[in-house]
Each structure stands twice: as C-alpha cells, then as structure tokens.
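Each of the next two complexes has chain A plus one more chain, namely chain B in the first and chain C in the second.
For the complex of A and B:
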C-alpha cells in the first residue's frame, strides 16, 4: 500500500497534525506514515466535503485493515473528479462500474475474496446520496439483507451534484436545486420525510450503522475503525457539504457540517443490529436559521417577505430529531423561539 | 458418459465442472432449473470453493459478477428475457471493463405482452453490448459451449453469452454427455485475470475517458472482440481433440456442398430445418442449411463462404427489429451485398410458436415457387383468421 509523508499544512505550531499526542491517539491523518488513499491534484471543487470525507474514511479504513482494502465506487462527483483520463487520484485498488450497482459490485468482490480464501482483504463501497438512497437502493438493500461483508459509505451532499445539482431523495425540504426551483407556492423541494437511509439500514438489523459529518473528522475516523472491526454489512452515512450545490462559501464546509449537527437537522449516532447504541449530544444548540442562512439554496426563505412559516417547519423537523435521538445536552437552554 | 438428463441440469453440472468461484443469479423462467441446481451444488459442497449470491435482481446479479470478476474470480450467471433487459446497463460495462463473465441466456420472448416461451428477442436486443454470443443447436452443444465459453472468455478477457432455447432445450430431457472433471480441467486452466483488484498492486478500474481517447478505447475493444473469430475455431478444435465431439465453432453447414438454396438459422430450430432439408434432398432439391453458432462477433467471412454459390437464402429469425427487418437477416444481407442471391427474411417461432417441419416445408415451397417477395419481411404461420378479427388497421395485413 502506498504511503506518503504527511504534509503539514499547519506549520509554525508544535501541535501541528497532533504531533504532541501519543502515537496511538493520533488521528489517521496526523500519522506521518498515513496511507494516502486519494492524492491531492484531483478535480474536486474547493472546499468539497465529499473529497475530504472520502480521504478520511479510506485512510482510516486502510489503517484498520492494515492496507488490505479494495474499493468500489458509484458514479458521481467522487468518481468523476478522481479519475479523469488519463489520471487517477486513487492509491488503492479501486473499481467503478455504474451509478446504481456499487453495493452489488462490492458484494461480488467480497464473495470472490471469500471464495479465494482472502477474507483479510476488506471491501469498502462508496456512493453519493443519489447512488445510495435512490438508484442504488435496490442493490444496497440486497447487500444489507444478505449481510455481505462490505462497509458501504454514503457521502451525502443532499443532491445529484455531479449532474448539476438536481434533487435527490436526500435533498432537504425547501432546498433549491436545478429541479426544485424556488417557484410556486411551495418554493424549493417539497416537504416529506425524505429517504432516511440510516434508519432504513437499521431496519435491516445489520451489525453496524453510523452517521457522521466532516465537522468531526476524529469521530468519522473512529466510526470507520469501529465499522472495520466488525464483519457483515455495515453502513456509514457521512454528511458532506457541497459548496457548489449548496451555494455556500468554500470556507464554510466544516462550519455547515457542524451547524447541521448542532441544529439537530443531522443527528449523529451509532446503531448496532437495529438498535441505537450511541448518540452525539448537541453541544451548543443553534436555531436552524444559523445553518440555512449560510446557503444560497435556502436564500428564498429569507429577506423580504421571507418564508418564516417554512423555516418553522424545518425547525420542527430538527426538534423532532432531537427528541427521537435524545440529542439534547443536559440542562441545555434552547436558544430559538 | 451419456446420461438421460434435463438440459438445465446438464448445463448446471458442466458449469460446476468449470469451477466458478462466484455464481450470482436471479430466477426467471426458463432459466430457473439451471440456477436451482447450481444453488444445490454449492449448498452440498459439491461445487467448492464457490459463493452463490442470491441477489435482489438481474442488475445486481451481473453487477456482483462484475465485482467478483474484477477481484479475480471466475464468475457465472444465467438469465432470460426481462432479466437480460434488466441487466442491460451492466452488459456493456462488463465487456467494456474486459471482464470474462460467462452467462447462460435461456432464450425467451420479451413483453409486452408478457410471454415466457422461447424466441431470441432477448439475446438479439443485446447484440451490440460487446459480449460474445454463441447459440446452441442442441443440449449437447449447450453443455459443450459452456466449457468453451469459459476458455474463450478468459483467453480474450471478454464476457460470453451462451444462448440456448428456453424450454425447447432447457426443459428437454435427453441423452447428454457432460464432460468429466479431468477433461474440463485440462481444457480450462485456473483463471488468471488480466487485471485484478489487489491491495498489493492497486489499480484503478473503470476510470472516466473523454473524447480525446474514447473512440480509440472502443476501437481497441472492437478489435479484441474480433479476435474471437480466430479463437473460437481454435477452442472448438481443442474441445474436439479432448472429447471427440464437434461442438461450437463459428458457422456450421449441412448438405451445403452443391446447394443452390440455403436456410440460415440459429439455435434448436435447425433440427426441424435439417429434417426438411433431408426430405427435399430426397426429392432432388439442391438445398442445405447454415447454422450461425457465433452471432457476435459476426463471422462475416465464414457466412460469406458458406453461402458463396447459392442462388437464394432464406433466413429464419426468432426475433425481429420492429419497424425495420431482422437482426440475423440484415447481417446476412450485408454479408451477401456483393451477391445476386435474394435474401428472404422470415420471422418464425415468436413467443414459443412451434416452427414445424410442415410450415418450413410450406415456406420453402412458396419461396421456390416464386411466391415470396424478398423485399418484404415475412411472418411464418401468420394466423390470418386471428388477424381478421382485429379492428385496427394493419400494414402487415395489407402487405
């Protein structure tokens, strides 16, 4: 497995890359000998949450499996920006077949490795939210149901970004996309429960389901490590803000991921065999406006006259999550109202 | 050893002797008996090491084969009809990635109207998918073609479809010899993939290619497929040497030596066609039959030389291209474009309609009697009374 020397972007401080930590406690990315699953120089937009998420997920998976990783990728931004002819940013064994079949491709790889007696090689499948919750759901559900030994990672940027930001089954209510313009009585995407894939995954009672965001990369790495310590079907749903699709500033990617969790809109939790086993409580609760106003895709809800009624409905959704997953920190003061 | 056995069972047995490491399949008539038998063989451990993936769809089946093949395992699937169409997106993907998947297609009609019986619409609809397509004339040939298909697929790094007529072959019980394990092993060495997903030597498979090289990539793929035209006869010869049986190859000829009339067809219908040829030969008619065993790649030279001296060609098609003509017929026409011989394009045996000796005989009599227009598409045994009850205007009726 290729490793590259750590590039220290935070020079001038002794804490750079967590070097002061005990080596065992270092994040994968802070390890000078870290595997470099995806090299720099790929063509993702500046501030792309998906590129960041994939790098952390795969580097952590490589470390957990001691380099013995094979990856299958669905069509989507991650696939396109990483492999334009004649280049490839991938430093690990990687295959792309189609948009909607990555779970089945991964199942096939796992079956082959089993038949070859090489089960120490682990399989990671990756897809965007479209390749996961929409077109890929049939194959994914089959993979869950058979409990194939695959870690499936969904990079959720809440839309079909690769094709120009159209709505997916994971696009949130009221969001503007190229197919849900802010026109008509219900501007933006319709209200509905969307496709809550983590809960759909849990309904299959697979060994491990977790959600994470690029705002807490150490948590993301830990969940990958945990997932890799288990065999069978595992599902990791990572929220990855997309500056292009969300019409947000590149510098706000991490901030938006954090606001999504701190508002309750994106619950962070783990589940084993269909039962929630851990949640990440909200540290400092924020109203959904804090999250929404940083994104052009919700701009039509604000300004004059604005749509406070729609914002209130979004807030109600966040509140429901907080109750459902028990995300409220103890003695917390709810700032909105 | 000859055994009285169902075609599907024999195919499952021979596939097992080819030692696939991953089988992924989704049931559809008339393929079901093949995959049921294979799942038994895997469960009992007779076929090992092998993983049988019970996938959620044919799209998943072929996709799992794509993954397994890319990971370096010999893989097999089987389907038919709607199932083949449900795989459609993954078919050119498997060929484009150069993955030697072998698939049985138990040929069946395509709906609507839904119809489970035999014709070739399914395989014909995927003729441009970059797979090698072989058509079995008998159950024995179907069995033999599976061994040859794995050899061919792995030598060329291309996927191969073995087409066998649904029910007519798959469900027919007859005497079939399934080559013994040592014979198959000698013909088919362990799979050595051209490219493999391996952490020890990581590669990127399935990257994007833009206009700057896409045409060249496709050109090279086309050249690779054409290599099958050289390799198929070689594999058939190796098979014959090992088993003493002539099976496969590109094109077969029957009593064509001095024939002036030729019937071209694919699959099990050749049985009846050959009977009619025998009968007409007895009556002094100089007629023969040409079997197209390999449909893709199209064996242009072999078909051309088989039909070099004939005065007329009748093509029996088990499928057609709505709004145009037929697939086999048009390839034959193209092949004979420099010849004067008219090509009579006939659609026969759709959706399980039997192609009887009597109807082939009547057809040939009409052609020889100058009663058939070669510029028109013909439908064998069209039931005029049935059509007459239709109240919507029909162009076909008028023709």
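For the complex of A and C:
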C-alpha cells in the first residue's frame, strides 16, 4: 500500500478538471477557453450523447491542430440537429455531405489541401453509425485502403435515430427498434449479424484505430490528440448513448456509456497498424443486466416471464470481449466459458 | 436584424444556433446546492468538518486556513485529534466506499502543526462590559470561556483544582493525551484574556453572583465523583474507584493496586483504569463487565488497544464479594430484552484490588438553595437554550444529562456561549436553518480515486505496557495531505468542472473562480446529466413552474 503517493487528487483524473491540478493537467473540456465546436441552441434531444461526443472530439482536435481544421459531416442526427436552416451550431469550418459519401468528401478535401500545399490543415470526417457501418462503408473502406490523411470519427448510437429508430448494422442483439420488434422466439434484433467496425478498420491495417465513450472524457481526449499526431487514415469509434432510441432517461447518458464499458459489452482499446496496443481495463465490473435494465429497448428481456436465456447470451458476448481484449481488472479472475 | 455578410459558399453563420433558445424545452432546471455533510452533522462539537478538510486538501497555506476554520468552533484541535471518538468518521460516506476518511488524524495533524508553528487564536471583539462567570475549567468551561471572550465579554473561570483541564487532565491518562498538548491549547485560550482562578471552589453560586455582580454564570463543573455500588467486602479488601485512581496518578501518586487488579465496569474509564494498572506494573489487569463486548459502552478501538497491551476481559460477569486477595464473580445471562440476569453460578478469582468504574456523578452542592434549577436524578436540567430554570444560570458538559465526552462538552461550551451572548443582548436565539443531508446515494463515487486509508502508527507494545508515552502517533505531512484528499466533499462543490464538461448544450458556464459555476437557462434543456455526474451531490433538479 503506497499511502504516501501524493498523486491522489481526490477525484484525480476521473473528472474533467480539479482545482488541485495545474490547468494544463485538466481536460480540454475544463478549459474556459475551449472551442465549443458545436455550441448552444442545437436541437439535439435532452441528454444527447452524440452532441456531447462531437464537442469532446472536435474541441480536442481543434486544440491539437491549433485551429487548422476542417470537418465533413455525413447526414444523420448530428447533421440534422446542428444545422436546421438557417442556423448552424458549428463554430469551425464544416461541410455537409450525403449520408453515404462523407469519407469520400473528406478524402477529396485532404487531396485538395495537399494539392494546394496546405497540408497543415487537418481533415476530420464524422458520421453516425448508419453513415459509417452501413451506407458509407464503401467510401470509408476506400479511404482506409488509400490511407488518406483523414481522421474518421463514428458516433455510434446503435441505430438510425433521427428517422425513427430503425435498426443499423451497429444495433446490438435483442434490442428493440422500429424495424426489429420485440416479438417472436428471438425478440428484437438478431444475434450474430451486424458489423464490428473497429475490427474492420483494423483489418485495413491503417495507422491508428481506437474506441472510446463519452463516459471517459480523459481517455477520449487523449485518443483524439494521439490520432491528430499521426498522418494517414485514422478511425475513432465513440459510443454515444441515445435517450430517444435506447428509451433511457436523459440523465443516464454518461452512466450508460460507463456501464457499457464496465460490463464488457463495449471494449475500449487502441490499435496501430492492425495490432491492439492498449486496452482500458474494467475498473468496477458489473453484470450486463445493470446496463440493459436502464434501457426500454431491452425491457422485453425482463419482468415476467422475461428472457434470461437471451440475457445470458448477451452476457456471454460481454465475457468474450473481456477475454478477447484482456479487459479484466487487475487481480480479477475471469471464469472461462 | 440585417443578415451578416458571409464569405463565398458559406451559407450558415457560425454559432447562429444561439438564436434558438432551447431552454424553453425544459421542465426541470439544474440548480447548485450545498448540502450538509454527514461528518459535520455528526460532530458534537459542531465543526464544519468538510469545509476544513477542503482547505487542508490544498496543503501548505491551506493547513492554516483549515486550522482557523476548526477553531471557529473548537479551540482544542490537538486534544480533539487524540481523544475524540470521532462520530464524524462513523458517519463518513466514504466508509460505504472503502474506509471512512481519517478525519480525527488530520485534525490532530493540524492541531499539532498549530502548536509547533505557534499559530494564535483569532482576535477578540470589542468589550461589551458584561461579566460572565464560568465555574469549572474543563472542556465545556474552557470552550465556553473561549467563545465568550471572543464575543467581547469579560470572562472569569473558577476552578477548584490546582490546574485547568478538568477530565482532560484528571481523567484521561497521559498515554492518550500528553499534557504538553493540553497545556499549549489551554494557554492559547488564556492568552485571549480569559481570567483563570485556580484552587477556588465555588460553594454558593447564588451568593457569589450577588456579591460579585456577574451578569451570567455557566455551571460546567463536570462529574468527577465515582459512583459506588454495594459489594460485600472483607475488612482487608482493597476497593478503590477509578476516578480517584486516575486523579491520584495525575497528582503524582502511585496507588497501591497490587499484582492482580480487577476493574469493575464497561465504560471508557474502566479501560483507562485497566491500561493504567498495566503500566503501573500489574501483571494481571482484568476487566469484569456484566454484559457482552458488543454492549460495552467503551469504544472498540480502546478495547482493542487494551487487549493488545494484555488487559483481559471477563464478559457477562458481576462481582459478588471482595476479599483480601480474591473476588467472587457470578456468571450472568442476557434475557430477551438484553438485560443481564444472574445465574447463580459463581467462581473465585485471585485479585489484590478492585477498581470500581461504574460511572460518575456531579457534586451539585453549589446549586443548593436555588429553587428554580431542576436537579432531578443528580444532573442539571436546562432548556434547549442551555439555561436552567433560574434566569442567567446556564449549564454545560458532564453536569447536564446526555452523552459525556470531551467532544460533547466542547460543543456544549460553544452553544452555551452563544446562548449566553444572545440572552445578555436580550434577544431570542435564531433558529438553525434546516439543511438536507448529503446521503451516500446522492454521490457519484465513480469519480473518486481508489485510495485506501492511511493509518496512524502506534507505539511499540513493550513501551505501551510499561510507560505513559503516547500510544497513537500522528500522521506526517504526506499522509495527512493524502488523508485529507480522500474526502469526497459530500454535498459541497469541489470544483471538478464535471458539470461544465458533461452538458450536451454548453449550458454550464464556469465563472472563473474555483467552484463558481452558473447554469445558462437560455439553453439548459433540463436533461439532468450534470446532476447525475456531479461527484459530490452539489446539484439538484428543481421542477419549473409552468
């Protein structure tokens, strides 16, 4: 026990800032001069995880690029709630694209900047999970393959939320959506389908792939900074809970992201050139029920009679992640099987 | 409003969304609050524990600020950091997370630092010309004198003993409270201008008040008469009482206890007597108590320390007879109400002396003749204002009913001083505003670092069995800072900036100074994330009036 370790700062680096820390040890979000890339007045729902995630990512990217940044945005919630004509919540150079082509647009911007000799201006592409894993996957794969100098950020809220909560390739098994009703033998979304885009990105062996959530601001900011420090194709996958689509309380947005990581359902890791280089171990492990029962989209799994068999399959998936990425906390023995 | 001229191909102005006041969606608003932390709520001395820990967390200059905050209520931090049974720690929310914050050890660190560096108590107010007599220079009397003199009153303390301190000196052994510490903290109070008259017993309070024109009197004479119980004893039996034994040792005597000492009772005084007997050379110190360990009024930490020093315990036993070198103990059983009942099974144990520690009573003879003071059951009864039935006569400390400890007495002294001050001014006491308690479930403990408690080292066992050196040692600077920073700041903003960071609508504004934030109600949609993610429960949602 190292009781004389004076690194203890009461809330240390888990919170955004801390009066006991030097200002440069605090998060970008704790900086009163942060860029606020997406500002007040946007029309995201109460407690929107995506609005939060976009500001976290872009404020950190703006600081890393010293303001020399341009961003391309796919169609999706983020575009719809931030730019209802004639208003825009963006406070950086921002261009709208179609649902499926934002990776191509960003590649084009990067190529144009290179042709102009203005490569100090960095390009960030952003999209929701629909624009990333489904509609935009072809353009994105091309961007990866060409190793274009773009940071592509996917804000994953696990469905097509602004069009009425339809299933996407990132919707988790058993979740209720408008297109996967909680009826029948296998209620909600099916098991065994969907796309794990961080691993697809790793398969392209691009320089940097990372996952993060809005629940761990310090980790997210560090990954953005690291991504901005390298050139070539980079991919950042950020879990952003959606109170509307997940049927959860607006106050629980960050809590849900935290429970997703602490249950093992959402592994947080980094990979370079196709190899996992770091994982964030689970700090306070919880069963998947803790995460699922806060969400109306999984309500059909609980109550009488409930579907403990389905919950067990979800738990098995979480356990598999914990083994695959080595997420077990120190001193914790993970049961096999 | 004229459209701003935008550059080529720019169709929407940056940040133009701010004209859309999305705060109109809100049905509840986030509001900053300060809740009562359980530590301060539990403190019998009324210390604002969390607030002084907040200062101590900064270290260096923060230590003096923390100490100054303590002495706003309690002029004895170094004493308290040793002898308080710290109900603050018992109620500390961190106890539900890992271990409670070592508040008592940090207080002692601050108290010792103040003595070492010679920090002086705050200056006194302008003289009011009112004269107050405090009878008894124990913790209640000295605490009251301190607060009264700070309020500008002319204070005289009369003490029957030759030295000040009351039970802090005559009851608590030196191994728990070194006298240099006590003397330093008492002297600091006297330096403010309190007049202390030693060796003066007040026998006739009514007469004294009338003759010397005191405007008010505080009776804080304590309870130092050992309660006796009838136990058949042979003519050669050696029976003493614990208060007399402890008093005698402090006065330089060495009471003849013999090799085998039986202590009868289960309170802290019994433990003090047994541990003292060990230090005086008793090979065998046995505590005989009629109930079980769980029901013992003595504090667990002291029982443990006594056991470490070789004190033995015999639970569920009473002493029936005492002879010259033996006692007869009877086995007891608890009935269904938890009360001990005799079983008739007896046993003879060797004992050279018996020390009775069966509680203490007050000598209330100074109040005889003052009809209006209620002395039922041997204690002085007061109203919540601490005034007795006789206007101008107040009472505090062990002489009043209720818990008896140094901490309670110090708290009594402060409250009594405030009430006397208000009474002298002819005012009614201001009601305490109720404050909501910061319960554990209002915190988001995820944000606190995992930090096991720093424990104070203890004196090696051999020296504890033979000397009166202090048993529990203090924390060093590093450990004290670490321990202070384990505080979760329940119910008060600790300025972590989380609320500023987690708002999806940028509706939480940092105002610059640590801990000063505001909610921008033009844009707060009332999602409640700031409340859920506030580590210390310092924000709440309040319904909007619609």
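Keep this in mind: the second predicted complex is superposed on the first by the 311 of 337 C-alpha atoms of A that agree within 3 Å, B and C clash if a C-alpha of one lies under 4 Å from a C-alpha of the other, contacts with A are read in each partner's own complex, and residues count from 1 in each chain.
The working rule: contacts are C-beta pairs under 8 Å (C-beta built on N, C-alpha and C of every residue); 3 or more make two chains touch, one makes a residue touch a chain.
Since this is a predicted model, take the numbers as computed values, not measurements.
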Does the superposition put A:97 against chain B (first), chain C (second), both, or neither?
first
Could you tell me if A:194 is touching chain B, chain C, both of them or neither one (first, second, both, neither)?
neither
Between chain B and chain C, whom does A:253 touch in the aligned arrangement: first, second, both, or neither?
second
Using the touch definition from the top, say if A:108 reaches chain B (first), chain C (second), both or neither.
first
Give one of first, second, both or neither to describe whether A:86 is in contact with chain B, with chain C, with both, or with none.
both
One more residue to check, A:42. First (chain B), second (chain C), both or neither?
second
On chain A, positions contacted by chain B and by chain C
1, 83, 85-86, 88, 90-92
Chain A contacts chain C in the complex at 1, 3-6, 8-12, 14-20, 26-27, 29-30, 32, 36, 39-44, 46-49, 51-52, 55, 82-83, 85-92, 217, 243, 249-255, 258, 284
Can you check the complex and tell me which residues of chain C touch chain A?
12-22, 25, 57-58, 446-449, 451-454, 478-479, 481-482, 485-489, 494-498, 500-507, 510, 512, 514-515, 520, 522-523, 525-529, 531-533, 535
Within the complex, chain B is touched by chain A residues 1-2, 67-70, 72-73, 79-80, 83-86, 88, 90-98, 100-101, 103-117, 121, 138-139, 141-142, 145-146, 148
Flag every residue of chain B that touches chain A in the complex, lowest number first.
21-22, 24, 49-51, 53-57, 59-61, 63-73, 75, 89-90, 93, 97, 197-199, 201-210, 212-213
